[in-house]
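What follows is a structure written as structure tokens; I'll ask about it next.
Order as written gives the chain letters A, B, C and D; numbering starts at 1 within each chain.
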Amino acid sequence: MIRAKVYVTLKGGVLDPQGETVKGALEMLGFGGVTDVRIGKFMVITLNGVSREEATSRVDQMCKKLLANPVIEDYRFEVEEG
Amino acid sequence: MRFGIVVFPGSNCELDCHWVVQNVLGQQADLIWHKENTLKDYDCLILPGGFAHGDYLRTGAIARFSPIMAAIEDHARRGGLVLGICNGFQVLCEAGLLPGALLRNTSLNFICRPVHVRVDSTATPFSAACTQGQVLCVPINHNEGRYYCDAETLAHLRDNDQVIFRYVSPEGKASDAANPNGSLDNIAGVCNEQRNVLGLMPHPERAAEELLGSTNGLLLFESILSYGRAASLTRG
Amino acid sequence: MPEPPVTQEIIAAHQLTHEEYKRASAILGREPTLTELGIFSVMWSEHCSYKSSKVHLQTLPTSGPRVLQGPGENAGVVDLGDGLAAVFKVESHNHPSYIEPYQGAATGVGGIIRDIFTMGARPIALLNSLRFGPLTEARNRYVMSGVVGGISGYGNAVGVPTVGGEVGFAECYSHNPLVNVLCVGIAPIDKLFFARAGGIGNPVIYVGAKTGRDGIHGATMASETFDEKSEERRPTVQVGDPFREKLLIEACLELMRTDALVGIQDMGAAGLTCSSCEMASRGGTGVEIDIRLVPRREEGMTPYEVMLSESQERMLLVARQGAEATVREIFAGYDLDAVVVGRVTGDGVMRVRDGERVVAEIPVKGLVADAPVYQRPAVRPAWQDEVQHLDVDTIPLPRDYGEVLLQLLASPAIACKAMVWERYDHMLFLNTVVGPGADAVVLRLKGTDKGIALATDGNGRYTFLDPFTGGMIAVAEAARNVVASGAEPLAITNCLNFGDPTRPEIMWQFAEAVRGMAAACGALQTPVTGGNVSLYNETMGKAIFPTPIVGMLGVLDHISHTTTPAWKEAGDMVVLLGETREELGGSEYLKVCHGLVQGRPPAMDLDLERRVQRCCLEAIRGGVVRSAHDCSDGGLAVALAEGCISDPENQIGIDVSLPETLRPDALFFGESQSRMILSLREAGLTRLQAIADHHGVVVTPLGRTGGSRLICRGRTVNIDIDLAELDRVWRGSLPASFGQE
Amino acid sequence: MIRAKVYVTLKGGVLDPQGETVKGALEMLGFGGVTDVRIGKFMVITLNGVSREEATSRVDQMCKKLLANPVIEDYRFEVEEG
């Protein structure tokens, strides 16, 4: 069994109103010192019956095709066995 | 004219578009399930509003892989008209038929209300019946309507007169206050370079009958019809 | 795997009383197994069995010439003419919405929609009736945002517009918000479906989403009061999937166009258990299910868990023998499961197997028809006299009536709710002729000249002060709202939100409110076609205001009769139908300006109410009326202000003079019932007078529309406010509570 | 400067309609072997002027109070300096 952890984040220049709102809410709750909040997606994909290399290349394909939109997002992932 | 209305799982404005095309405009319209692989000879395809695949992951992200999409691309390549309304616009962007992407509204809230949009180009089959700079009152209904593209694309869109609608005040001024969702450059609708594919966030089919409050949206449909009439004339 | 033995603790945890346990054992002729215990427990919960409320509900009028289906099915059905039926019902999701506001409200929307399309109707609209604690508290704002977000998130995505509703606020809802959702659907009269398991040997088919461990014990949870320990039960929260539900609607409606279907029921509270045995009970049959066949999304689920799971977006249906393939094919088209899990049997037994092993075997009649019914003690509380006592002479008259009006317009109960309904798709299906923001919503019926109108209403404060009157007013006001929109009220659905029924004072409130509703439904000829009861709305021994919510359905013979509250043109006459008495008890004015929840609510004369409504409707149909508005919360002054500003595109002022025959605060802010404000062209006045005389209704000319100010002249009262100021206060108040602008 | 990476995921038994739908889409696209997809949130919070220990305890509080919904979600986070 292989678990891939995929992180999809908004590209640098893209406004993240959710992050801004959370930042504002944290300040309102009295949490000081927060200078930035960015919110992205965290996906855990479980694969069966594939090798680590195979999984790595497949997950990369998944990200390119479906999981991230290159116009607005970057992605990154890790693959773990076990 | 023959209209084809594409139905994705989770679409919900297909019957409304069908109603307007058939009962208000008196034209023929078919509903086309997304699992179809081929298209009949339609003059105009409509990708309606709704929540294809629940809007899960990203709006339009999964729908763009529907079997019907290849036929839609083909139709567009051959110069056929494609109108993406709201979710349909999102699908067309994901599919790369239109530039840019639609992000979550800056308010983080779903918004359903009439807004004012200005017609910034009448040089499309979808806006020819409008006058340049005309202000239309048409409802929006979305959670992800914030148009975004990179600076280069934006410059290109402007240079090529591809921004067709912008959110404005009732007097026709584009301002932050008149921008309901934080769209870049107040963009409410864009077309492709060939000008035969249009996507817009407002719902023209919701402004097509006096009984429901506005007929401003009919101008889009009327533009399409006169384009169709002209095309059939030249075709002979 | 054998089930653990049933111990005293387990019985207690299932909230069956000793007597109920004995009764269950007697029905079985032995001790129940764990799965059986679970089944009895949910079926005999308050939520499913109505054991405390049944005796009272039976007193409600439920039949009439237009009623095609009264209580007893998934929803009520009313004949609209032209071969069309309206299917409608309201449902509560109060407890789940407190625990997880977003998902609680979302799954509430999903649940009520299933009740509608299970009857063969396409759901065309939702309304919601919400109650929260004061928005000055962060937790209440969080709950309200979550609930509104959940309704928006689910309703919009499932593709059913949320066209209206109401929002109210009071301290008592802080720990017990109310989330009541109404759904209406339209079906051809000859294509209705019922929840009956007919035809011995017919397949029982499970369709929709897979089963997980969601909400196990949700039904019993909805029948408990809250305490600090409730937090620990949190994992039972269900998550809604509007996308799957949308597919389920389309698949079921498609199936209903074939002849494959015999009976169908949604899996709501108590899931597979409730749906299967209720269908068997209505069909007079038995049903046998093998839980091994049930599609699941989690591993290792026990029969108990499968039977009690409240996973959403599932339906149970009975098909004709031989039609299995048709069913499978249709659902496969929508990528939904459709699995034969059992058969209809002739032995009147609900039999649950886990493969070969039988894990439950219960006579259906014992489980459903012989469920316990309680005539619980009902006693008028000692404090009732005290709260009803009001010495108006001790109430100081306001110094500045304009200031009071602004205060009332800013009160969250009265303030504009656009912030809420702009988050709901209220335009889908192109039927919304009058959307949220008016007295009632009006939807056209495509293919006919007709329309339907819907309104929800209920005033917890009135009902707290006098449950009988409160019950009457809930019905009367809902009807008045529907009349104001140009429709004739036909029938109601209702949701009864009350505290702990084992407390005699709560039971008294319940009985009285139902008695009031029954009286009003009788007088106004609007029978009850169904509804829902939500009890145990208390936290740490404190109950909510008794809050009956009425959902009224009306029909417009012609959509051109549609009428809205806003003035149409300057120079029109504005008149009051009905009479104003010196009634301040229970008013929003007393609450907002004097901090009092005190006195008797305004009196309700049902005969007068009927005459006022008939008069208004006749005048509307006769083309005399240009605008109509019910005069309720905040009284005359607020109703006049709303007439001026409620249409943002066309705000028109008014200038009225009133003879001060009563205390001026009662005159302007009192909430006397059976009053409506109409505007009309001057030329129509004689005609209106004639209609009013015929119905024995008093018409009082108040003044004329025009200008850009609201001006009220009296001897001591002088209100003169710019509309822009009224509008700013009224529209800005709710957003301001959430820190916006 | 401290960067906290916060992972918010749905609790075990809680239905993840989004994950299920993405799983179905991956299958449709021909990616075999995917047995499960779960989708959560990934947040990056930048803090200034606080020690690592201080940041750790603050972020934990933030998660408890705002970032995760304890009814249906679990959270986990890492704190990095620099």
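In this text, a contact is a pair of C-beta atoms (placed from the backbone, for glycine too) under 8 Å apart; a residue touches a chain by one contact, two chains touch by 3 or more.
Given the structure is predicted, the values throughout are model-derived calculations rather than measurements.
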Shared chain contacts [chain C and chain D, defined touch]: B
Chain A and chain D, separation of their C-alpha mean positions in angstrom: 9
Distance from chain B to chain A - Cα centre to Cα centre, in angstrom: 30
Distance from chain C to chain B - Cα centre to Cα centre, in angstrom: 36
Inter-centroid spacing, chain C versus chain A (mean Cα positions, whole Å): 41
Shared interface positions of chain C, touching two or more other chains: 241, 243-244, 335
Numbers and ranges of chain D residues touching at least 2 other chains: 17, 21-22, 25, 29, 39
Junction residues of chain B - those touching two or more other chains: 53-54, 56-57, 61-62, 65
Pairs of chains, among all present, that meet the touch criterion: A-B, A-D, B-C, B-D, C-D
Interface residues, chain C side, partner chain B - complex: 152-153, 156-157, 159, 241-244, 246-247, 333-335, 418, 421-430, 432-433, 444, 446, 559
Chain A to chain D touching residues, read off their complex: 1, 7-9, 19, 22, 25-26, 29, 31, 33-50, 55, 58, 61-62, 65-67
Touch list for chain D against partner chain C, complex: 10-11, 13-17, 20-21, 24, 69-72
Contact set on chain B toward chain A in their complex: 57-58, 61-62, 65, 93-94, 100-101, 103-108, 146, 148-150, 182
List of chain C residues in touch with chain D within their complex: 99-100, 103, 209, 212-214, 234-235, 237-241, 243-244, 297-298, 311-312, 335
